[in-house]
Amino acid sequence: MRRSRTSRVLLSVLALAVSAVWAFPVYWMLNSAFLPNVVLQSTTPTFLPFGGSFDNFGVVAGDPAFGRALGVSLVVTLTTVVAALAVAFLGALAVSRFRFRGRTSFVLALLLIQMLPAEGLFIAQYKMMSSLGLLNRSLGLAVLYTAAVVPFTIWMLRGFVAGVPADLEEAAMVDGLSRTQAFLRITFPLLAPGLVASGVYAFLQAWNEFTVALVVMTEEQSRTLPLWLRGFVQASASRETDWGQVMAASTLVALPVIVFFLVVQGRMSSGLVGGAVKG
Amino acid sequence: MTSRTTAPSSPATAPVPPVPPVPSATPARRKGRGSRPGGRLPLLLVLPTLVLLVAALGYPVAWQLVTSLRKFGLKQQFGAPPEWVGLDNYVALVTDPALWAVVLRSVVFCLVTAFVTVAVGGGIAVLMNALGRGVRLVLQVSLLLAWAMPVVAAMTVWIWIVDWRRGLLNWLLVHLGVDGAAGHNWLAEPLSFFVVASTIVVWMSVPFVALSIYAGLTQVGTEVVEASMLDGAGGWQRLRYIYAPLVAPVLSIVLLLQLIWDLRVFTQIKLLQDAGSVANETNLLGTYVYQLGTGKGDFGTASAVSVLMLLLTVALSWRYVRSLMAQEN
Amino acid sequence: MNRRLPLVLLTSAALALTACANDGGSKEPAATSTADNAGKTVTLWLAGGDTPDELRTYLTDTFKAKTGATLKIEEQAWPDLVTKLTTALPDAANTPDVTELGNTQSPTFTNVGAFLDISDMYDELGGSKLLNSFVEAGSVDGKKYALPYYFGSRYMFYRKDVWKKAGIEVPTTLEQFNSDVEKIATDNPDQIKNFSGFFIGGQDWRNGISWVFANGGDLAKKQDGKWVSTLSDANTLKGLQQLQQIQRSASKAPADAKDQSPWLYINDSDTILDDAGKAAGKTSLAAATIMAPGWAHWSIGDLTKKDGKEVRTWDDAKFGVFTLPGTDGKPAPVFAGGSNIAISAKSKNPALAKELMKIIFSPEYQQKLGGAGLGPANSDYVSSLGDDAFAKALVESASNSKLTPAAPGWAAVESAQVLEEFFGKIRGTDDLAGLAQQYDAKITPMLNLS
């Protein structure tokens, strides 16, 4: 590259400044998670958690409800991710490989559904889940979540599917592979980044969702992590909100996502491409 | 000229499975199987999606439409027979200046926030593309961390930052010599409230946008870039003539999604309202529906606002969606 | 009364009698026998973490021993309670059998028919001994639906050291209080920037209405069967004018501040450093007086280290409490906090739910509430709160406390945050009466459910 040394240095400095802006709130959450509440209330900010402790994490992780909520969240989220990918993959296949009657309406409908405001739907959602006997069931919540993420997932995946030339698969079949083999060996690896990208999107939506879970998961046994986190935020007649604990709890909620992200990070940032490019 | 591979794996990214080279193709105008009418197969393929959407959303959406035509409050929710009122809820709404104030505010907020988000995200993507591996990785990880942070935690931290007495922002300003910043309340005035809200929403949305656009940029084959450099194209020219046309489709999709999502923004506004400000002067459509429904228990009117909101989104994005659809076919 | 007598296993009728022996009025036997109830479960929703674990265990154990059925307690977060009540109460299959709810939320849910009429148990559960304003909030046309669960109250926390430096004693009338806090703010003995004699957020109407109530005003009244907002009535206006004066000259709180964590302002915060970075001896402090619910005292005090952790420790030499005095020198009517408790109209186990109510209103449980610092619903057991300064201030301030209007649409007024908006504009307005009329017009239509 011909770019001069100084301009490279300048760009790097700029990039680090931008990184700092985006990472700072995350750092602040982590920092506060180590500090006692009285320190957090001070008018002078404490920038480093010296003198802090793991106490907040101890309290939060020691809550028996945490393990339960983690379990529910994992089940609901993973079900959502798998179901959304499966359903959306088929839908994306139809949209990108075939011209069928109603195709444009189908794609438009997917877009319209994203525009539905969710704040007014909860009574009907509750009634529906109640009459189906799906209240407090991970399955019920996962169905609602899957329906919420599928439209966007199809939009994202269809670009990837279109990006895999059908000729490749056909060529492989000419070489003696069965259709399934051809799909598994040729098409699937090419779709992997797209599936990962869509999967991350679905994961994040299901993992952090609050309102729908609040309405259909009425029992303590079936609460998800965001509902559990809520319990730390509210003050009560006998105590004020302990923000250090809230931040420790938030860190625990974010941790699985961060781990998941870092693992798939490379695949994802390339994966976001194809889907979006195809428009 | 585009090799529509699923991105040449960028050097900065973590292990990516070897992507087999894919022959150049122009998939949007795919011949052969890609455009065949397909008989029953495509319908079978979309069937699961349709069943799922109808099962999960059919009843709630129908309920909302029906309820918007009824007088439906808490009494009705607790068993009193609802009464049909035709379009009364809608008429009451559109003749109420309060609704139009909310609509205007929402539209302005949505446009400003979405465009700023895409501009900032695009800028960061271009920056990433120009960086060396190490720094880029730092930037990517920062964005991902911000994206993964639970909304409640993110909002709490942001509210601390702008707090009038203990906030970092005022603390910093005072240390920079702006004495008037001590005790300044950023949430009290609607204008500065929305600047704060918009900043937070931009902060939350940029990771998705930046990473998407960056991914689009990495699709530009290195051969093309090198060839253009041999031809003497400068950085700006490369951006203008090589990257921009290729990234345009990503930009338009991302912008559309941001517009849709920012018009229905709810959680951030609600939590900021709880921290300060006058709720009725800072309501956007999302919080307005919430206040009418959950708050006042007037589900008929809340449903009518939801329906109006859907129509508004469609109206605003109609031309845009049509041009997208045209590209599609 | 020992509830764990072996006797309970023999006859349930005897059990019901022993359990309710204190009133002697119960002649009916328990609805079902313990053996029949073995497989049944009754659900109780408690709001927030206010009821301590010990009391929850007591309820489940006692309920099991008394009825043979299982009591399942589910905690609901306060901010989400209305949403959850709205969806679950009308749903027979999933309704909680008994639920706690905020006292100001009671009129709305009571009026729409969400609860079971328990007028027949009223006397047995305590009758006229129960906190009357709360009972009214849960009644329609004289029938009782929701009864008080516990009460809290608001009183004043003040800095003895600052008040002393300003040369001021604890006031005995409201007028005195008003001028005292103004004087402290003006004198500002420690020369602290933005110092409040009395810190009250502009939108903090729950504390602000004390001035309205104390001057004989109210937020709304029932007139010819309809509720009307009364912000512009003469007495209400008088209180609002006093509040305006306080907001303008005694309080430096922002106009949009709500009643969240006011105790932060009365604590010494950090040592202020001089230019050389040495402690200049002063600490930053924002207010000499605040008004807060009683439990705030856990968060007020000097910063000390306890077991290696930094905590706030109450210091009697520096901090004190008093009840806001009324115009006549008696305690001013302040806003009563607390909650009600009711049986869902859709409960499938009304008989068992009633048994649970009996346990909650039993002397043992009422005293346990007091022991946990929560004001017991039955005035006979108020002494269980103890006799420290906080308990005294709680009982004293509650003695004259008042609730928001029992209008069916009150929940709508609160959730639309109109009062926050109105109170937030008081400081800035030059036409208080006009502003009040404008908001009367806004609030009146919301008060009556149609």
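Labels A, B and C are assigned to the chains in the order they are written; within every chain, residues are numbered from 1.
As a working rule, a residue touches a chain if its C-beta (ideal position, glycine included) is under 8 Å from a C-beta of that chain, and two chains touch if they have at least 3 such contacts.
This one's a predicted model, so the numbers in the text were calculated from it and none came from an experiment.
Taken pairwise by the contact criterion, the protein chains are fully connected, each one touching every other. C-beta contact counts were set side by side for A-B and B-C; A-B has more. Here the spacing of chain B and chain C, counted between their Cα centres, is 40 Å. Centroid to centroid, with C-alpha atoms defining each point, chain A and chain B lie 15 Å apart. In chain C, 83, 86, 264 are the positions where the chain touches two or more neighbouring chains simultaneously. Residue numbers of chain A whose C-beta contacts span two or more other chains: 41-44, 122-123, 127, 230, 233.
Among the residues of chain B, those in touch with two or more other chains are 77, 165-166, 294.
Residues of chain B touching chain A in their complex: 4-7, 9-10, 13-17, 19-20, 22-23, 25, 27-28, 30, 32-38, 41-43, 45-46, 48-49, 52-53, 55-57, 59-61, 63-64, 67, 77, 124, 127-128, 130-132, 135-136, 138-154, 156-158, 160-161, 165-166, 168, 171, 203, 206-207, 211-212, 214-216, 218-219, 229, 235, 246, 249-250, 252-254, 257, 260-261, 263-264, 266-267, 285-286, 289-290, 293-294, 299, 302-303, 305-306, 309-310, 313-314, 317, 321, 324-325, 327-329.
Contact residues of chain A toward chain C in the complex are 36, 38-39, 41-44, 53, 55, 122-123, 126-127, 130, 135, 214-215, 218-220, 230-231, 233-240. For chain C in complex with chain A, the touching residues are 48-50, 52, 74-75, 77-80, 83-84, 86-88, 91, 93-94, 150, 152, 261, 263-264, 267, 269-270, 284, 293, 295-296, 298-299, 303, 308-312, 337, 372-374. Every residue of chain B that touches chain C in the complex is listed here, in rising order: 71, 73-75, 77-80, 164-166, 182-183, 185, 187-188, 273-281, 291, 294-298. By the touch criterion stated above, chain C contacts chain B in their complex at residues 82-83, 86, 89-90, 108-109, 112-114, 193-194, 203, 252, 254-258, 260, 264-265, 286, 411-412, 415-418, 420-421, 424, 446, 449-450.
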